[in-house]
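A quick write-up on the structure given underneath.
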Amino acid sequence: MLCRVTSDTGVVVGVPRETAAGERRVALVPKVVERLRAKGLAVVVEEGAGLGALIPDREYEQVGATIGDPWAADVLVKVNPPTEEEVGRLREGATLIGFLAPLTSPETRDRLRGAKVTGFAMESVPRISRAQSMDALSSQANVAGYKAVLLAAEQSTRFFPMLTTAAGTVKPATVLVLGVGVAGLQALATAKRLGARTTGYDVRPEVSEQVRSLGAQWLDLGIEAAGEGGYARELTEEERAQQQQKLTEAISTFDVVITTALVPGRPAPKLVVAQAVEHMRPGSVVVDLAGETGGNCELTEPGEVVVKHDVTIASPLNLPATMPEHASELYSRNVQSLLELMLTEDGKVEPDFTDEVLAKSCVTRDRES
Amino acid sequence: MLCRVTSDTGVVVGVPRETAAGERRVALVPKVVERLRAKGLAVVVEEGAGLGALIPDREYEQVGATIGDPWAADVLVKVNPPTEEEVGRLREGATLIGFLAPLTSPETRDRLRGAKVTGFAMESVPRISRAQSMDALSSQANVAGYKAVLLAAEQSTRFFPMLTTAAGTVKPATVLVLGVGVAGLQALATAKRLGARTTGYDVRPEVSEQVRSLGAQWLDLGIEAAGEGGYARELTEEERAQQQQKLTEAISTFDVVITTALVPGRPAPKLVVAQAVEHMRPGSVVVDLAGETGGNCELTEPGEVVVKHDVTIASPLNLPATMPEHASELYSRNVQSLLELMLTEDGKVEPDFTDEVLAKSCVTRDRES
Amino acid sequence: MTDLVHVLYIVAFALFIYGLMGLTGPRTAVRGNWIAAAGMVIAIIATLLTPGESNWWLIVLGVVLGAVVGVPAARQVKMTAMPQMVALFNGVGGGAVALIAWVEFRDSHAYANEPAYVAVTSLFAAIVGSISFWGSLVAYGKLQEILPGKPISLGKPLQQLVNLGLLVVSVVLAVIIGFGVDSELLIIGVLVFAAVLGLLVVLPIGGADMPVVISLLNAFTGLSAAATGLALDNTAMIVAGMIVGASGSILTNLMAKAMNRSIPAIVAGGFGGGGAAAAAGGEGAEDKTVRSTSASDAAIQMAYANQVVVVPGYGMAVAQAQHAVHEMGKLLEAKGVEVKYAIHPVAGRMPGHMNVLLAEADVPYDQLKEMDDINGEFSRTDVALVIGANDVTNPAARSNPGSPIHGMPILNVDQAKSIIVLKRSMNPGFAGIENELYYDAKTAMLFGDAKGSVQSITEELKAL
Amino acid sequence: MTDLVHVLYIVAFALFIYGLMGLTGPRTAVRGNWIAAAGMVIAIIATLLTPGESNWWLIVLGVVLGAVVGVPAARQVKMTAMPQMVALFNGVGGGAVALIAWVEFRDSHAYANEPAYVAVTSLFAAIVGSISFWGSLVAYGKLQEILPGKPISLGKPLQQLVNLGLLVVSVVLAVIIGFGVDSELLIIGVLVFAAVLGLLVVLPIGGADMPVVISLLNAFTGLSAAATGLALDNTAMIVAGMIVGASGSILTNLMAKAMNRSIPAIVAGGFGGGGAAAAAGGEGAEDKTVRSTSASDAAIQMAYANQVVVVPGYGMAVAQAQHAVHEMGKLLEAKGVEVKYAIHPVAGRMPGHMNVLLAEADVPYDQLKEMDDINGEFSRTDVALVIGANDVTNPAARSNPGSPIHGMPILNVDQAKSIIVLKRSMNPGFAGIENELYYDAKTAMLFGDAKGSVQSITEELKAL
Amino acid sequence: MFLANLAILVLAGFVGFAVISKVPNTLHTPLMSGTNAIHGIVLLGGLVVIGLTASGVLDKILLVIAIAFGTINVVGGFLVTDRMLGMFKNKDKKGADND
Amino acid sequence: MFLANLAILVLAGFVGFAVISKVPNTLHTPLMSGTNAIHGIVLLGGLVVIGLTASGVLDKILLVIAIAFGTINVVGGFLVTDRMLGMFKNKDKKGADND
């Protein structure tokens, strides 16, 4: 069955099976394949590409995709950055869409440039209202925020909700979310749903209203650091020291701390120092979503669940992959929107680089010098 | 440090470290120890007894317990039934309080009788309003119901709540709870909190109002089987067939099925047959809380998480142990209430067996013939 | 009457109306009252300016007498005795009308040279004024506890027959006068029969219904004043009297509605007796009567309380009333009432049942009180609002060793100053046993689905 | 006037008042109107019964003429042309008053043998009637687009000086008449100067303010009718005229307030011009005026709608209004209105923000509609209620390629038949851009915190 | 007489004031139209004057016009108001079963 | 005269009706007390009759009593109402910040 597929009508889109460890997502789900087919695109899906998300191959076939070798396609859509070997399998002049980690792993970009592949990085889609449907960072962060709370509740030795029972009253857990971007907001919302008392903290001042709009409290430490494009900037040395000290005091009163603070292209700020963990009640939980860039907690061991000072510290690396079906679904819709932006009326892939969204998200161009 | 401790003032209560696999609970938490101390009892806690629940020994010492050998105490409080070896370590004439599995493992009772130990089984406390504070089945089932939902959400490849996002709308998960006792009610409540659409089913007709009182729907299959003491009776062969068939139809429309159906002293009723699992959408989840007595689902492998027909089937065996701090806290309050019922004014343990609660929960008496 | 007097009268009644408009809102009420009083001063001055006015000393005598009695009475009366004071003041107003009518009869020699309408209005004033006077006196006596608070009645059908008879006799006597028979006995007869009627109508009415009755008599006095105004061709009296008559009637209706009474039922007598006795007596659970109440009454009780403790139970869950309950709670807090929620450990049907619901409705965590924390507070709680809870409030658990729930710790709701229970019927709860609490004299039942009841209370609260 | 006529007049005005009370509530309005009409019939019959009434043929002629013109006009006018019709009817009423005053002047030979008040009231009627007549005609002309809708003015200070001058001249002429000078030229002068005043006052007023002006002229006509009634000693006219005068003044005030205008500013002219064009024209967001509304109005609009679509946004979250919104929704449904919630994919500040809140408030899942499902429905939606949403409703995303949000799919709220927007101010949302929707002629803004606004609407709905 | 009328005038003013204290916006226009119809009462003025005092031809012409004007005001006013209120007619049923 | 007075009576009735259309329960008692004070207007009747027509001794006695009664009604009524309304004087503040 592994054979090259071309479409008489035009562009072929390839969907490989993700090879990164622990990855269960797939770049296109059958629903989206169906829509692309309706636009006249051919779709080739690697055998077992959907298995991690419990999507059997037959579902792809039912919507008109071919099971075969995706690497020869005109447009390859992926979730994770391609390995060196995978880049080698790409056709020259092909287009690659996926998370390409342009800021943290420049070598991927260099390899793609070498292979003469046009690469669009999902993380570089600008955070503007119009581009929200292509914003995979948001859609995946949303999954991560939700899952982080489930993980915290799972790890906690305590209940989240308040329960008045015949065997005594259980106080509601207090949850602190540090860094309230998309993931942080969803974490606050989910923790509140589960009955916890929630508090949010961020350095961008406009976030306080958003935190309150979810029924959470705002932890005000008096440090403001709004950066560009809706992101935060890195703190100065002095600000950092001040922040750590004030946070250490605050953290000791919480049962659960969920950290999501990121600064684009920089190591994650250290918000929870070792001493803060020490002061927490035994049995408390820290979930650190910033593990990939070093973690927001000093004691974090990225990818591990460790117990230190009787506090459980979990740093899951790829939470969206733990909810593969919906994470893939949302991701493929993002990809679909971006792909549709590149399509011409007659179904060719010809990105208009005067469009801010395409210009910003494109990291390599095959016709580049 | 391991030495026998007696109390000048009276009774000594011993708290051993639980030895069952995966058990993280402890029979008394420091808060309750403090209260027992205030009543003039001495408490001996085995070294590391609280470690599973992330309760360090120093916390016990702070409230006046001695770290030492609990097995020589007058009253031994445990969570799980004692092993043969443990029964051997008990003092003759001692009192043992804990889950003793009187209906499912009669050999424990025989051993206790042999050792001339008075045993009180927590599962035999009658389900009457007055005894609710000693009702450990309820308090632990409550934990199990809550945790079952977290587990289901964790295992699900999908979101529980509805989310309308730029990348598409996610429908709320539909959750069906089969067998709505204490655990089932808490499962319904927790799933609803997480945003799922919930439905409950039971054979006791009075449950329908309770299900609705949690904002859930009632699945009416027209089979009634109320038994004694608020429990259900076993179904007849014919009823069972009818139930399975109707349930198979209903189940296919749900994303998550949580089963908690038990009949005291009987194997768990099989509610979810293999065919029902097959008809579920790929990626769906079954959480079977009846694993200990064989499971409510035909494909359950007790204690395991398996994927069959692209459906994840989880059958955790001891969910309360996964939330050890609060589960222990609630359990120790139950134990405390029962213990206090046995105490005389001057602090001796002299159970009044005319009291319905003590009479029913006592499984062996040292003075028995 | 000169033009000046006339114009002053117009000014006076304009002030009455303006003042009355003010009296309908709490913010403007105080000022409104004084504006109306200013109108009254102008009206009196205008009258004294009437050309030909004489007998100044007698006028001074009367006014001084009235002031000497009225001012200290109004100043010193205790707040709790206000209602009977109003009854008394209303009564003397009616008395004045009756006396004036009597004098007019004498002066005009049975309306010999007057147009028909003077006779009609004047005799109407005599009858109504006399009823008001004596009826108000009885109301005063009952509220002041000079007369027994309990209904005094001849038995319903007989009573009504007698009343009707008295009314007919006095009207007939008046008609005879109208036909020109000039005998002082006749007018005295009119006054006396009306007086007896006033006495007999009010005597059978229980203390709880008194405010409605006073308001009704008030409206009557207003009408009699208007009638006197017609007889004397006095615009100020016509307008003032009529305004009081009309607004008084509506007010009576509103009051009756707020108390869940119908005016005919009250006047027919004996109805309000039970409630009155229970409210006054204070014990008497022995004969096991249950007092039921209305949403508006519950609303008022809570709005003017210092602390309200809400006791939710399984019924709140069944009714899914949690959102409504929280809305009500917020409203009470906005009115300055302290609101707490007492969560019994086994309320509902699963551990934490109430927590789930109240959290869903976003009730603040600090307001949820555990049993041990709240039980000490019931004795200083003005209103305990029990919403679909039953077993967890049953005092038998404390006091009746034979009860199946004896020994179970309960919420000491029965120690609150007053208790309002929301449930659908007198059916028992989970444990299947009766709840003595419902027969407590301090307890009022508001029957109906908990959600509906709470919503009605909320609406009433908003209207306050 | 006989007693019968007098009594009938009393009945007539009682019916007017009763009818008018009915007109203040949607449920009783239709009946109220016909009750008032019945009063009018009685008043007319009573007048014809006046002894000595003659000239029957002329009366018939006048009435037939009036009916022939009035009935078809009222029957056939388009719904959209109603306001100018009312202006016209009001105008002819004023005209009638002016003409009667003129005839009275002639008949009485400049009030030779009449008491002073007859002269004063009659001349007052002449001036006010003439102003009303000509002012109303201009209002009619503008609304009917016979005259240009835009303000026609001499420039503010000059205009006001001229108007004042005209008023002074006509009053001075009237005073001269009052001093007994009997010259027909004088009364004609009074009428003409008042007429010019009426023209000049209304000409500079823009179309959007017209309803307020018509209401003001309506109140004037009422006063002039009352004055005529005083002059002719006709109770029915006094009462009816005065009621219209008083209620009309308040109504004018209420209308001005609802449109965010002050009456002096309107009469001073030129102010409302911009809005007029916008409202009348239908496009013209160029000059950008905003219409604000009240909770009661929003409530009525929704209560009588078939379908209401609620569009929540970040503002609902900030206000934590979700529970209030659901309560309102349930109330509307209870009134038979179909209620849907349109959830835009990026409403709020996180994916699923609205879902979290509405789920918390227990809004049924079926009522939550995705953008693609609901967008087709807006065109058959009577009211789109936008609660703190902004960017996600901005039509610029569809129509303005230069907009930073161009190309973003939005909720097509602007296709609804009418739109009510709840927000605190005219501040922009997340994207920081203006929203044309707010300047749409179909859009009304209800300013204030979303929770408070929704709660007020809910209360108004309950009162309906 | 005048003073009694003055009293009536003042009272009528209060009635107008008290009745229209708080009216929903939607009813402003019909209410305006309804009050407009009521001041069609000026028709009575025309009837009285033409019936009792009018003499000259000009007087009569003026009065016929006045009566015509008054009639237009009355009949047009009530009819237009009724049409405006049409929106409340059928919807009433819908609301009825909820109170 | 009587008919003018009748007109006045009817109008006054409407005023009373329109003013007290919807009053909060809490104000029922003070409002009752306030209207009670207003019908103290009967004092005027006493004044008029004693000043203009009264003749005999019994008449005078009766009228002095009537005037005294009327005065009690007036002054007592207004004073008691004012005291009752005392509760709104301070409570207003509490409520004020919530509307």
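Order as written gives the chain letters A, B, C, D, E and F; numbering starts at 1 within each chain.
FYI, contacts are C-beta pairs under 8 Å (C-beta built on N, C-alpha and C of every residue); 3 or more make two chains touch, one makes a residue touch a chain.
Since we're looking at a predicted model, the values are computed, not measured.
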* Structure fact -> Contact steps required, at the very least, to link chain B with chain C come to 1
* Structure fact -> chain B and chain E share contacts with C, D
* Asked: Using each chain's Cα centroid, which is most distant from the centroid of chain A?
  -> F
* By the contact definition above, name the pair with the higher C-beta contact count: D-F or C-F. => C-F
* **Copy pair chain E, chain F: interface residue numbering same or different (half cut)** => same
* Asked: Just curious, how far off is chain D from chain B if you go by their C-alpha centres, in Å?
  -> 69
* Structure fact -> Per the C-alpha centroid definition, the whole-Å distance linking chain C and chain E comes out as 40
* Could you please state the distance in Å, as a whole number, between where the Cα atoms of chain A are centred and where those of chain D are centred? => 56
* Would you give the residues of chain B that are in contact with at least 2 other chains, written as numbers and ranges? => 132-133, 138-139, 142, 161, 163, 165-168, 170, 193, 195, 215
* Residue list for chain D, restricted to those that touch at least two other chains -> 13, 17, 21, 235, 239, 345-346, 351-352, 356, 359-360, 362
* Structure fact -> Residue numbers in chain E touching two or more further chains are 1, 4-8, 11-12, 14-15, 18-19
* To do: Would you identify the shape of the chain contact graph, picking one of line, ring, star, complete or other?
  => other
* **Touching pairs among all chains present in the structure** => A-B, A-C, A-D, B-C, B-D, C-D, C-E, C-F, D-E, D-F, E-F
* To do: Quick one: which bits of chain D touch chain A in the complex? Just the residue numbers, please.
  => 314, 317-318, 320, 345-346, 348-353, 356, 359-360, 391, 397, 404-409, 430-431
* Asked: Can you name the residues of chain F that touch chain C in the complex?
  -> 1-2, 5-6, 8-9, 12-17, 19-56, 58-60, 62-85, 88-89, 91-92, 94-95, 98
* Structure fact -> The chain C residues in contact with chain A across the complex are 343-347, 351-352, 354-356, 359, 362, 365, 368, 370-371
* Asked: chain F touches which residues of chain C in the complex?
  -> 13, 16-17, 19-21, 23-27, 29-30, 32-34, 36-37, 40, 43-44, 47-48, 50, 52-55, 58-59, 61-63, 65-67, 69-71, 73-75, 77, 79, 82-83, 85-86, 88-90, 92-93, 95-97, 99-100, 102-104, 106-108, 115, 117, 211, 214-215, 218, 221-222, 224-226, 228-230, 232-248, 250-251, 254-255, 258, 296, 299-300, 303-304, 334-336, 460, 463-464
* In the complex, go through chain A and note every residue touching chain B. => 24, 53-56, 59, 132-133, 135-136, 138-139, 142-143, 146-147, 150-151, 153-154, 156-159, 161, 163, 165-168, 170, 190, 193-195, 282-283, 307, 310, 312, 322-326, 329-331, 333-334, 337
